[in-house]
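Same chain, two partners: chain A is paired with chain B first, then with chain C.
Let's turn to the complex of A and B:
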């Protein structure tokens, strides 16, 4: 059943109506609201998972931490916005156009910038950060600082199922995220490129010895990783409003996701994204909306005390 | 000749003399402002260098300590009427304590994970400052009384001069501390950690203690600088002072000049900060200055990854070698 235009997520006021008791700033929600919140958290987490999948894949293959990932997300979002404004193209369809463009961009960055570094593990963070602020500056100059978002007709619709609400955009976001992750999984498990990528993740030198062209694999992986940012950006443009400087906020979130999940682990990123998405939504309901992002980072901090390698990361003796 | 040109015996007194005389000679408010900001950038970058350069732990989150210092000083000024020029030195000890605790947690991670954790740190501080509005006044920020001493407010023509000398004192102290650390066994331990943490531990260095202490020391000067800064602007707000970009700027300045060297961060600051001001002055406050800044850094990191100072000293060493070889062959 498609409901009419209602707010996509529960607002603070609405959520208070569902609440049973409150203790100071902590409010105990009713079971119904709790389940509703968990559902929303899962949906948000799915989108986070999609956004961070490319980042963790890139790290796994070439030990490069791509700080420019957030900027690529925003670039994807702007391309979607542009296509929507000019050609009226649906954000989901425009992924088919933006993904190849971003793939090419990522390929070029790896081929001509990152491959020149002697010690990618040490210097990649800063060089990709420089890339990120360059991109932010260029996008900010080109598209100005107005907050944008893409609102197709279904943007404000909500599907109601067994008295629980599913905002359509988030549902689409979640399904698209699952779809892209599934595609990534198939590429990694079933194709020759995937086998080469996994071999490179396991042991770079050994992969080279058995005839894997590590340079080419790296460039392909970087391209694929950035292409997922195109999909992520297109979903971002529907669910959130953005401008060029939102990239810092996003890169911090998705970096937290992959650190929590264990750097380089795809399943780890998925689990961490779902956990963080839910934590964020739960805090928004139980405490206040304003404190929700903080829980995200605090949870990351606390986890690292007990598991410095992240939830699913392997303990490697990485040089600092 | 070359050796003399590179020695501190010339540069140190010369630089100090120029900086001492600067506000007396240069009466333009704008250029006085630029110089204060430049020295502050040098302070931030040099103190970052203690953990980021010597120990090799790239923290992008030092803006957190900068901002914390700023907030503490502003609060103490407004509530207890403590003069920032004095209180900032004591309140920075609190900043250092916080840094020791946060360092103890975050320094368990290595490499890239550490970078991410430190970025998260800035966001935590910013969100706390935004949300604890009963203390921090939330997004509206904190305002301080106009700079002065006692009941006397400094006149607008003179207002930047005390800040200039305050920042100069801080700069000298920071460089001195950085130099002492570099010379000490502690500094050698940090460099050992940078080169190979596992081996450093194997030869008996308490790596965790060393790293956490280095983190704390670098946060101390950050805190002092933040305190002076908040009084200089008499206004701070969370978005502005807890900015990841501040943290990145100090890192990039250190890298430009030469990470892990004593004078590299200072040199980098004296290049980047005036340049940045020039770009903003020429192109206006648009985001194009971000693009220019990022572009310069991309070029530097690709073609001069070690930074300016190490590159120069390599060239000098090469020449020296060639000269000696020549002399021997003749």
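Let's turn to the complex of A and C:
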């Protein structure tokens, strides 16, 4: 059922700045609202970028599409939630605890499950899909379907700046996301492990030839990817409410982000996340909230049809 | 090489089968713990002990409620109401000398699961009678199942227009008024405010749910006819979690009154988003959420102050049988405030019980006829249904004041004066 934006009444404030005009089902918002929406979109885009960074990295290194990434996000969110409920731990601080634990979990999954696949490019989707359903089922059994969210004292606070409102939780989410992405960038660019990862992404066989232990690199990368999911999940728990079955909403979003950004490209994921975050919020305001979720699917289809390598991905050529 | 592929395929198939099996049993909760052994074994477990005679077969009444999912809060409240009624009936010897056995399934707020549950209740568990689930969204498809088998379908919470316009005659909505009429008292209240404080503009932000949307759309029409202007109407998919941009849009338009067509989570989500967006309306009306005395307060704290909602029942009501119900509820479940949905479920039980006692029969066709003609004495007042099961009565308006809610309109139910405009949330 499509909602329709009804022709707005003429408000007392007649200045151009606050005037709205409607064209069919599209309502051009006032400039103030437009900028506010873009701000909200960028803040949430930063969080999407963090969530997708692990996924794109995993694909780049192992050519594995980790469909269970959404489930790991939710697992991270649940861990943050329980740490908050039981120990009163602030969600940002609990990242220090949940990230290592999920790193280990990811490392184990890759080392003992995924590495046994003969043809990861073909079968990874199925295996990780099964993993996602299993995790969703287990989390749902233990923690039921009650929607959870973490509400620290700063939960409803807003910072006002130049008449624009910056919700504190989203601001913190954005800053934390940028910080973690920077850390990831530093790891990739400045450490030996990072160089090994980048080499493996570029050409797995060549990397092996120059002495990179691609098995170990794969396991470490998967671990890092899942650790970022822990961080992403922690931010998720502050900004949204979730339960075990939310994982399907999230995996579809972040898959769209990495396809748009180019699978395997970290900067691409950031750019795509910001774009999709803004488009999602703008659709809600300009068209209708009902169409917001569709934005992700739309971009997924369009990207795959017109530019399958995404914004910053590389065109992989089949080896003859 | 080929055998490796076979091994992979077989292991994937086995894993998927395993997951499907586990997943199926995880999503479809088994019948509630207390009833499970009775439902599957011979009826002997719940019969009243009769020393010399053979015990009468128990009367099986089946239901499927949303104990988890979108409707988990009101669904669980309904469960409490049903179970209290079953316990009371059994304590006085059952219905027509037969102990009542209540068979309950959890449909996780999913219409397809609910339909499957009622099919199972009627065809496999062979229940004698059924009672309805919570919410029009679930009542609409499940009532068709009951109609297919000729079962009466008294239900506690399905009052949307879409419930009654399909030509079914086995549905009985056990609240004082159908969904579309629930907005009437609120519209009357708003239109009755003095000219200088009456709101001029309003916005509708509703989930795409037949009941909630029905109520706020009815309110929208009445208010528009009464001279108010609608500045925005937004309908969103029921499981929407992120209201930040729509809240920014509403804040930008700044209507005097906000009408939210919500269940529970989205009422909390909307209000928190409005707070963050800096939108302070002069009045706020939300469906369902504000009628949950405990959960709404826990989720929002002082932000509940001044919020309106429509409700079918309140704890201090002095209608016949209500004080006894309230006392029995607190005896069994403790001192927590009673949710309207528990009272509605209890009402369903009362209607069924009186129909059975009036006709001395448990035949569904006979009961349907009786429920169309009699007037029933219930905790929500006297109930009478029209030919499609719509009740002929009126709702009340509640307002949150001081951490709890009170009836403010109309006069026959008034406990306190309404507060206008709404304090900042």
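Basically, the second predicted complex is superposed on the first by the 297 of 320 C-alpha atoms of A that agree within 3 Å, B and C clash if a C-alpha of one lies under 4 Å from a C-alpha of the other, contacts with A are read in each partner's own complex, and residues count from 1 in each chain.
To be clear about the criterion, a residue touches a chain if its C-beta (ideal position, glycine included) is under 8 Å from a C-beta of that chain, and two chains touch if they have at least 3 such contacts.
Given the structure is predicted, the values throughout are model-derived calculations rather than measurements.
If you put the two complexes together on chain A, you find that chain B and chain C bump into each other. In the superposed model, A:312 makes contact with neither chain B nor chain C. After overlaying the two complexes on the shared chain, residue contacts for A:83 are found with neither chain B nor chain C.
Once chain A of one complex is fitted onto chain A of the other, the partner contacts of A:284 are limited to chain C, with no touch recorded for chain B.
Applying the stated contact rule after C-alpha superposition, one finds that A:130 touches each of chain B and chain C.
In the superposition on chain A, A:29 makes contact with chain C only, while chain B stays out of contact range.
Of the two partner chains placed around the shared chain by superposition, chain B is the only one that A:304 touches, whereas chain C remains out of contact. Applying the stated contact rule after C-alpha superposition, one finds that A:256 touches chain B and leaves chain C untouched. Within the superposed three-chain model, A:293 lies in touch with chain B and with chain C [touch as defined at top].
Contacts of A:118 after superposition on the shared chain: both chain B and chain C are touched. Judged by the document's definition of touching, chain A residues 118, 123, 126-127, 130, 133-134, 137, 140-141, 145, 290, 293 lie at the interface with chain B and also at the interface with chain C. On the side of chain A, the complex with chain C involves touching residues 1-6, 8-9, 11, 18, 20, 29-30, 32-33, 36-37, 40-41, 44, 118, 123, 126-127, 130, 133-134, 137, 140-141, 144-147, 155-156, 158, 160, 165, 167, 170, 240-242, 281-282, 284-285, 288-290, 292-293.
Residues 59, 63, 65, 113, 116-118, 121-127, 129-141, 145, 244-245, 248, 251-252, 255-256, 258-259, 263, 290-291, 293-294, 297-298, 300-301, 304-305, 308, 310, 317-320 of chain A touch chain B in their complex.
Per the touch definition, chain B reaches chain A in the complex via residues 55-58, 60, 105-106, 108-117, 119-121, 123-124, 127-128, 130-131, 193-194, 196-198, 244-245, 248, 251-252, 255, 286-295, 297-298, 301-302, 305. For chain C in complex with chain A, the touching residues are 4, 8, 12, 15-16, 19, 22-23, 26-27, 68-69, 72, 108, 201, 208, 229-237, 240-246, 248-249, 252-254, 265, 269, 272, 275-278.
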